[in-house]
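Handing you this structure, nothing more for now.
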Amino acid sequence: MTKVDRSRLMDVIWGIQRKKRYIGHDDITKIAQEFNMSRMELEGVITFYHFYHRTHSGNFTIYLNDSIISQFAGRKSVLKAFEEAIGVKLGNVTEDKMFGLFKTPCIGLSDQEPSCLINFRPFVDLTPKKVFDIISKLKDGKMPYQICDSPKSNIRYTPKEDRTVFFKPYKKFSSLSHLKKYDPEEVIDLVKRSKLTGRGGAFFPTGLKWQFCRHNKADVKYIICNADEGEPGTFKDRVLLQEHPELLIEGMIMAAYAVGASKGAIYLRAEYMYLKEPLEKLLAEYRKNGYLGKILNVKIPFDFDMYIHMGAGAYVCGEETALIHSMEGKRGEPGTREYFPVDKGYKGKPTVVNNVETLCAVPKILEIGLDKYLALGTDATPGTKLLSVSGDCKKPGLYELEWGMKLRDFLNLIGAKNPNFILFNGFAGECLSSADFDREISGENLLSDHIQFYFKDPIEYARKMSGIGLRSGGSFMVFDKKRDLVEVLKNIADFFVAESCGICVPCRTGNFLLNKKINKLILGHAERQDLEDIKDWSKIIKTTSRCGLGKMSSTALNDAILKFPEVFEKRLSDNTDFNQAFNLEDATADYNRIINEMTSDYE
Amino acid sequence: MSQKLVIDPVTRVEGHGKVTVHLDDKNKVKDAFFHVVEFRGFERFIQGHPYWEAPVLVQRLCGICPVSHHLAAAKAIDQIVGIDPLDLSLPAQKIRKLLHFGQVFQSHALHFFYLASPDLLFGYDADPLKRNVVGVAMEYPSLAKKGILMRKFGQEIIKLVAGKRIHGISTTPGGVHKKITVKERSYFLDGKDLPSIDTMIDWSVEIIDFIKEYHQKNKTFLDTFATYPSGHLGLVKKENGFLELYDGNLRATDAEGNITLDDVPDVDYNRHFYEGVEKWSYLKFPYLKHIGREKGWNRVGPLARINICDGIETPLAEQERKAFKAATKGKINNMTMYTHWARLIEILYCAEMMKNLLEDDDILSNDLVRKGKRRDEGIGIIEAPRGTLIHHYEVDDKDRITRCNLIVSTTHNNEAMNQAVRWVAQNEISGKPKVTEAMMNQIEVAIRAYDPCLSCATHAMGQMPLELTIFDQYGNILDERIRQ
Amino acid sequence: MNNLINLTIDGKTIEAESGRNLVDVAKKNGIYIPTLCYFRDLNPLATCRICTVKVNGKDTTGCTVKVAQGMEIEVNSAELLDNRKAIIEMLYAEGNHFCPSCEKSGNCDMQNHAYDMGLTVTRYPHVFSDKIVDFTPKRMIMEANRCILCKRCVEEVKTKEGQDVFSFVQRGINTRVKIDYELEQELSESEALRAMNLCPVGAILVKGMIQEQPFGERKYDLLGKDIKPVVKDNNLHKKANEKFIVATTSLAGCFGCHMSLLDIDTDFLDILEIAEFNKSPLTDIKNFSKRCHIGLIEGGCSNSENVAVLKEFRKKCDILVAFGECAIMGGIPAMRNFVPLQECLEEAYLNGVTTEIGADVVPGHEDIPKLLNNVYPCNEVVKIDYYIPGCPPNAQHIWKVVKSILLGEEFSITHDEFKYD
């Protein structure tokens, strides 16, 4: 049995997708042969990802963001403009194959919506007028890279100069000099004492993770940076990659040094393809300066190099085991949790997977010095956090805050006028209301998961949760009083149904069935019993799902039911013996039409 | 003022049926219809299923005669695997026939005792609250008990062969999958836990005596009520034209007895029949092509079978058949109410045949399945309790069913039942000053004689309950009393 | 290596070898953790999730747990039991499981779990999505309607070169298992059979190797446990010395459930001592003449007439019992949900083998009811109080349940009686 290295598989598929705009039948035959895979298995990998097409996707492939922030910013008229300008409806390709128009979930430009990607080049702050302009230029022969936007970084706020961690001037290579005086165990110790936790939203203690990995003996170990940033409303990693990519590279070098890894990779989401080239150039610089490859200028010399692996459009690949499978050339399905990545990860070897922000923090901690760093933020969560803000506020964009700011103050800072509800930590996060405004953005006094299921009403909630900290991976979406909460929840539910990997029953089927319940609410067919069902079904999905997607997909929904009972109340009718959703007229409409059509003659 | 009378649902039949009678302003019957309101769509949704699923699936067309469908489909599927009815192993043929006789026995017993007897015992104009099987059980307990046990016997035979009383599994392509053991069959022969087959034969003779007496007492009514000319269709034995229920040739006669379908092989059925469609019923109207829609329709079922056959192979039943024929001096019997008598003759026939088969050691054999050369078309025709049942399947090379045609027994009786409704309407209701519940029940009595199986017939979904309401021409309800 | 450790499962202390699989350890000690996708401990699949247990307070799948010293395992708490049932119910709602006509019925692992759990009806609405049955492979059929995506076939069926014959394609609710056509041809007869037997449900079939087994002698007809269902508080408005008033109807059913009602044979006369029948196809009472205590519904809703009758039953009866698979989930008639209504009508009336030349009439008249676009299970139209599964349900079973409901008594259902086919 010949084992072929499939880690290159996605690159090969991308090569064809980029050149031909689709993967054809013969391509599949050839690729399957080359990688010694069965044809159907290869189809399974290709059809898993959103950006691989089996039919031509248009010379100019347009992906229009459909997240709720984009909807509220005017996506509808932008979509109409696109459809008019190119002449086909969403989901189709023009007959001459020049344009293909598709929808896609959040592309990391929530502060500049409505936005889209054309051939993976970003176009932001779209208006119908701008759309017509873009399309006409493309028709005239311009290429997307010539007319695209450069997304702004929009850094709205940082703490005072000496209290800022990320966004202040930084000299390339400078933090790596610390590696001359520390050996690997000392680096781990520093990271542990800094109380740095995973900034992607899982908040696992970074130092501990590195320590576990270090203790596992293996001939090769890996450092993987999770730059998938798929959580809707998050764009902080994009900004870091735009402003300080050197911090990421140096962070990875430090991680490799600490755990004893010799290979690394950056898993970059496809929606950030425009950041790949500058990153590659930067990596080349590091190699030229002896900081990648054979690294000698450190206390214990070691080998380490890294490459960039492009994602292909799957939110679930932000989960670390799914990410690893994706990099191995398989479907991006999360693993069975039998082993942690630090024990058996990429290709079965000890692997550390860290978020961009986490890795960027490490060089900064060394630079600032542990004592000064610990003086920032709070006791449980020292340092700063990056928050990507979007929605109904005067100043959407990137905020670097010391941990410990009260939510109320933050809302003032961002210029939120009438904040009604907040999606804190993206679609998979909590739904906050005014009952939470006195809470602190920090890791203080955290409670165990799912606790919000056990409160009876908003008042009990406010009382018991007031001293509890709020932690977010970075996404912060605020909505004012004119927005419909149920519409937002529907957008969230649609997202999870589309992004579920499908491998485990509760997430795949459960989310779909929950979505149907939300439809009942929207159509006005819901009864009180339906709300009880939503709570019960959500609990089951949470406890039995395999990965974070299933576990967190119904959090915002249940939070909303608890905290905004009046919104749901007015959509409910009392329990009856008759199912409101069943409508005899609708059910017999087909028959009426058939009989009418069949009885007509040449009159 | 013209009216529309409605019976909705027709009760004490299987399935949903509805009757409307249109009266003109002199209360004369303008027209009358028997609507079947069920539709299921089996012929379409079974396409795409693997062919071996057909027998198990299609028996869900009907809960009273699932075995008929199971066997008809099995005969068709046998042909798909290259086995014609006579190519089956002898044990398999006999086991299938045992199953079939068991279910005809059970179905006829059900119809006679549970559904039809209330009218015969209490009279069609008796109190509707009493006119049902519960009433029979109260007033004629020993008769009711015999009826229940006769049905039980038939159901137990089915359970023996198919594993379950209703919707069991017995056939496999090219044979059956289970033989009978000595212990199993002694259950039916020794009379210990269940009245034995001999008792069944005795009771069948008893009940025929009852019906003969009933006919003598009510001769004028029974000879004229709902009597009209019609064709008659059924299977007959290939070798001698005798009564045949499992496998034979198609024979049809007209109302006078002239042959209209001369013992044709059953697989040629579609050369001879068309099915007409009316807007006012989901049930179709089969008729013989060469005669045409108006007169080419046939009755099927016990009356037709006894009419067209040249004899019955079992002695006691043959005796009774002769007595039956004597009532019309050997001519074709078009008197609808005689169907009950004919049905009871068939019960006796089935009982005698079951005895023969139970005592035949071939059913204990292991030689159960045969295989032949694969074909893509299969036709299975069988005499279900209610009449000729036709199953026809086409299969592609990937084993999928691509086409399916089902002509279910009661469909043939569709026109006959409409005639019955019209007859009663014309003769009992037309021109009368007032319409009573008893008159409406008479319509149902005529329909019930056919023992219609309306779910089967429309291989559709839905049942047609029969109700009776009287509207005026504006659609206002006239008679509240009947509506209760 | 034989490192013995102690752990507790549901409060019971157990000794086992460290690192062994929890499901196996529990089984050896008489504690049953239900599994569906679990095949062998070398490669736990953890896709079905019904083996979810609590380990030291944290929810996880039992099949991926390796026992260690001091572990506290909870297997059979009320919540965990309900979770397992809910997952099976999700599977029944997601797929198109027609047990009455399925080749694997009686040998099906998923069906057996459902029987053991006493599952009468799924709490989730049936999806009735149109899934493709793949007949293209040379020897095998992939029945996507029944596939539960357990991944056993994907992981276990390989060619000599180690390539996958079965693969997942697409994502989320569109995930399907597809067979690689070229590699499938290379499988030997025994390998194909192995794949068919590996599948816990009837999703993988090998043409010509479908064994018909006698009803009552299939694998799970002989194994399994009896169940004790819960009788809810009833709203029976019954006066003393009054007989129970029973109404029955058959909507879009085949009447088999009613026939099963009569299959108690002579016991029927005993039933008549405590019950009388009102509106029913067995009596001539065509409309409700009084309020009924219990209404037995057979069949789902296929046309407007069915809906009207069902709604009336809900109004006129204290308790509604849906009996038979048709009433519970649509049954065999619900197979028409995957075909547009137009095609069903055309096939029957315009394009059949024996339709007249130039036939152009499709029934449609004021006196016949309109067909619904789909067949609806009864509980999607009105609220139903009890469910009796079966196709048809066993006669003894029906009357036992009905009597117990009417008298408010506890009862148990034997394994033989509780069937879906």
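Labels A, B and C are assigned to the chains in the order they are written; within every chain, residues are numbered from 1.
Keep in mind that, in the parts below, a contact is a pair of C-beta atoms (placed from the backbone, for glycine too) under 8 Å apart; a residue touches a chain by one contact, two chains touch by 3 or more.
What you see is a predicted model; the values in this text were computed from it and never measured.
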Along touching chains only, what is the step distance from subunit B to subunit C? 1
Hey, which chain is the most central one here, using CA centres? C
Which chain's centre, taken as the mean of its Cα atoms, is farthest from the centre of subunit A? B
Could you state the distance in Å from the CA-based centre of subunit B to that of subunit C? 32
So how far apart, in whole Å, are subunit A and subunit B when each is placed at the average of its C-alpha atoms? 66
Whole-Å separation of chain centres (CA-atom averages), subunit A against subunit C: 38
In subunit C, what residues contact two or more other chains? 341, 345, 361-362, 364, 371
Residues of subunit C defined as touching subunit A within the complex: 44-50, 52, 59-61, 64, 79, 82-83, 86-87, 90-91, 93-94, 123-125, 127, 148-149, 151, 159, 161-175, 178-183, 304, 307, 311, 314, 340-342, 345, 360-362, 364, 370-374, 376, 379-383
Residue positions on subunit A within touch of subunit C in the complex are 1-2, 36-41, 43-44, 47-48, 314, 331, 336-338, 497-506, 508-510, 512-513, 516, 533, 537, 540, 543-546, 576-579, 581-582, 584, 586-592, 594-595, 598-599
Subunit B partner, complex, touching residues on subunit C are 100-101, 103, 133, 135-136, 141, 205, 207, 210, 212-217, 249-260, 262-263, 265-266, 268-269, 272, 276-277, 280-287, 289, 299, 302-303, 305-306, 309, 331-333, 335-336, 338-339, 341, 343-349, 352-356, 359, 361-365, 367-369, 371, 375, 391-392, 395, 421
The residues of subunit B that touch subunit C in their complex are 6, 8-9, 11-16, 18, 20, 33, 35-41, 43-50, 52-53, 56-57, 60-64, 66, 110, 114, 118, 128-129, 131-134, 137-138, 141, 144-145, 148-149, 151-152, 155, 162-169, 172, 177-178, 270, 273-282, 284, 286, 392, 398-400, 403, 405, 407, 441, 455, 459-468, 483-484
